[in-house]
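To keep things simple, chains are lettered A, B, C, D, E and F as they appear, and every chain counts its residues starting from 1.
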């Protein structure tokens, strides 16, 4: 397909955040953006699901941000700054992770630029811990950090099947379905963050924390198409592809196909 | 099971075409026939699905054709010649690929030997391109090459979920289901070609171009049993196992079980 | 989660039997117990499925038995002796395999200690051969060896999808469902043995003899929770994780999650 | 290091030929150029061996040629055309393979542009067969095809340790050492082609046809530095990195370091 | 090369013993014979080292013995019986392992047939333990079992670099060099057993118990050529290739090249 | 061998620091300590090199520190605190990494406890950068951070073969050999830090930043035995084993054998 590198200008702006320093179980999502781009070569630009073609979508790829490993604070600042640049140019940011923590930098920038922002969170894990092994900035705390400034009631969660007992009450309050989330979002600007471990590990083994018992590929794609095309989508991300965990290469192809469908749903 | 190497004589003749030179994304289907034979050791000869045993089927394995890599024309000639030998001996050819292009050599031989031949094509990809990067002989053009001499109306497709926009009209015209294809075929001699990437990559990651969102193992086996036992089957193939892409070895076992069920459906 | 090593005392006693010398196709289940413990770190202690937490369950892990490879007789004696120790201490044995033959040592000890013992067998393969390549002690004969002293009518099988034709009659007689097995077991002490290859290889490729066409993760977990919580469970095992066959590591996580759900179902 | 993509202009022009359709044993050198570039990130630009820095070398990377798979003739034409463009711009071509056959396209272009061209061939295999399985264009015949138009006496070979008996006489005639080859070349324009399987497979397992008993890394680097800096180097290539055969990634790093040393030797 | 399967008759008789049930660390040498045969396709029949061609050697391949896993006693009986058949036909047995214990079956047969038999043992490990975890038949005891009936003074060891302290005295007594062993053997019939882990793990990682600090490929080949061609070689073996431990495939190629050189040294 | 877990008390105290958050190229050294312990099972306790046995050495293993990922400052504090505990108990700290940055925590503690401390640094890389991508705490800056408080003249380096040009002058000043370093150290307390990538990648591919052209196994072991037994060794570490990069498992065995030789050299 070679879809991603195809165009230097466009309304939707892809960018990669190759960072995974807080990953606690199995690192490797730093290799996600490169693997996703490479896998996109094996796919067609035409989507039979939406009967539309990526060549009709206005998008670009601004490449990966060069991020330092270790302390996540400087990396998050760089992600936030890049997002602000994208927004200043009037484009819609579409982030490719990297671990889930990278989402924080994008949402910080968007919350400033788009008052009333809401977040729809697709994931296997709640990511609502107050801290993780003493660290406040972690892939396991990212939604709590977002809730700190956006308020938990501006977040809805879909697909959560793993949580700590202390997270249970909040998860029950935030859980939703695609249809309910669309109604809830109304005309507000919405950010959609998709941790690909929402998929069952049989279809997506290439991730840091696989959680058995997840969604099928078709369910995820249908959910995302519905969300992206029916809310006022201010930005989105697809995170937690760790291609080194899946030597068959299928996980990268799955991620690339998810991105294709999102681009078409958003851009046509 | 050791089923494949078991008998030097039989009505159905297995043979391998270890060729993958036109594979564009990930080569390795050249290793398919050997891996499939090896994997057959882990399976029983008895099929609970059909309540029948492979030891009651008259089949043989004539081994792999020694094929040169590079230019596909000489390889296709050798496949065609071997098929003609098998047909001359009154046997039913059952090819193990190799990339999908190898099917062309078999169908060329069969079209001469069996007037009125029809082809039922199970696949994730339409394979109907006029050419691919300037090459007319390619895994991505094989069904178009067959349509060139057989006519597109003597082809039906099942399971297609990836195509280029220019292929759309023809795909819509040829698409079918197992039941409709059986009715359509009637008493005509039928060749069945099965690209195993019709399966979802979760069950069959070991292939050159995995396409997320495919068929389950049970669906494929039920489809193939119905087709093989209800049409006048003049030959068949199972292609695109690339075992080097699946280090778990499961894809080779899947392919071997598909072949077992086809042999039993055809031979009992 | 670090759940397994957490407690030196408890009512349920985990122990590992790293043995795979009779495995005929692909060895590696000797690495199962260690991989399962390691994978447990990636899981939470809380189960949303049962709305209960492993931290409320009284269990311990007594580690792996040091077993010699080769002739299985001494290994089985050691497993039997360890089980007798566990039973003497008033604990419920929960074995982590290893190949399926290790189950024999546990059931020998339990049959003495708990008169009227019945066995519920979850598996893809019947394991009822009289012998295998001349060996009476094998992963392929283990249920027949158990039937030798317990009687076949004290065994029920769930999920069998691979058998030799001579096993067919006995398999038909023993096959059951979770509900029927619960009724059948009544108040009798029951041992539950779960060969994880009952799962489809897409979700569990890390096993010695993958058999396409199996159970989903949710089906298995629901079945096990029903059995463990509704029969009088005298012991159980989870066997045939061969983590070296699944470089994605997902199979070990699947096994660890199955064990978590069984511990919670048994201990709360 | 990010050395390769660093500069759009320069005296030495890197370009990739991702082609491996005639590879007879294990394909994958099509992935060589991409893996080599990626691996270059892990290396410094400074060479302690030559006490010089890549940042002082005038070079560029014009990327990979898009090549069709299958019949090698069109691919070779495209490689030849690209080489002609590079020569027209007054640059020195530095090809990254791909299988060894790709060398033919470059040498065809150079032989026209640089009368009196000689070739120094570093390899484990003689590559002097008249044909291979009936194909005249093959990785195993490439030096014979070059000898066809350049004459065998304009070729010298270093490191050959595998050959067919019929090649023995010619190999004996062409074999040389670095020092002898430098003297032999004199002031004539020289093309240096380096098949990395000249290295022992312990240091370079990532190649299509590993041949035990080869050169050490230091020997190869010293040989190449001597050749490149002491002959009149009209072009060079580094071929047969098949990174999919070496999951440790070391082979790609070895290739990248070889390229770094050649660039510095040529450009400083 | 396809050298091994080439001839049904010959003076030297290759046969495989795919058995690894007593392997204590990492199983997989059961896959050794098949991988070695497959790897032989990538090698030429001509040896530049000996300037001789395998096509001039009178040898055959009688394939693998079908061996049961688990208790090693029946497997050893089958190996002994096959060796007796080979000797009865006047052929020289050349065994491909399998774990090192398989050597015992061959030497038992040879000791009867060839009075005065001596054994030259190339290995990283002494294999002289009285028992291993209570088992007397083990890869770690094989040379002690041979010493039991042949006497330790009819054994010489080359390359040992790993032993238990209790083995030290005997190892010191038996250790030798190629030259000394040739003198020592004189005109007596000699069996040569080569555990490939004598090689450094950098060149041969594909083995059950890699021991850092070993021999180079050239040293081993030179040693074996000297031994095989200068003693009265009554039989030989090459064992402990575990190809599943080396995904690069290089170890299998190394083993195949060792076998090629031994065949040529013995048969020309 | 099971050597590491063998004893709860001892003069030398092993401990693991599973941290790799600042690794810039390929993460995975967090898995080093666990893999090294597991690999130690395959080795004997007796060392033929030193003719001594690990069972005579007084050592213990206090296990791994639980470290948070991300910002390295808290992890370094925990490593320093653990080292202080070990020193307070009168033991010699022997750290198993993790990435090289973990060394900083140990040396901080030792510098306080042992005035006049010197450091001998074995490595492929100089690790003397002032900062790396703006981060002052990094695997690439660790020796510069140590030089900040210890002074560069209390450091000697062995084996460096990769550096940035600005590091050249300092590297030239600090470079040494084993013999010179022993003389230089005299009776001062010495810390020895060994980054295993000093080895050639052929023998040790399992590391984050493999650098072709390194030391052989025997050279490293002889160097370490000389240093450890001839300086006044106040502590030591072995770091940068990333076992996920070497699926053959050899790198972990190499690391375990290095640790065995160091323990014996230090403790006998």
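Basically, contacts are C-beta pairs under 8 Å (C-beta built on N, C-alpha and C of every residue); 3 or more make two chains touch, one makes a residue touch a chain.
Computed from a predicted model, the values in this text were never measured in an experiment.
Listed by label, the chains that touch subunit A and also subunit F are C, D.
Fewest steps needed to get from subunit D to subunit F, stepping only to touching chains, is 1. The most distant chain from subunit C, with centres taken as the mean of CA atoms, is D. Inter-chain spacing, taken between the CA centroids of subunit B and subunit F, is 55 Å.
Centroid to centroid, with C-alpha atoms defining each point, subunit B and subunit D lie 38 Å apart. Each of the following residues of subunit C touches two or more other chains: 200, 202-203, 247. Pairs of chains meeting the touch criterion are A-B, A-C, A-D, A-F, B-C, B-D, B-E, C-E, C-F, D-E, D-F, E-F. Touching subunit A in their complex are the following residues of subunit D: 34, 38, 247. Taken in their complex, subunit E has these residues touching subunit D: 41-46, 48, 53, 200, 202-203, 217-218, 221, 247-250, 253-254, 257.
By the touch criterion given at the top, residues 25-26, 160-165, 168, 200-203, 205-206, 209-213, 245-247 of subunit B touch subunit A in their complex. Within the complex formed with subunit D, the subunit B residues making contact are 20-24, 27-28, 30, 66-74, 132-135, 137-138, 244.
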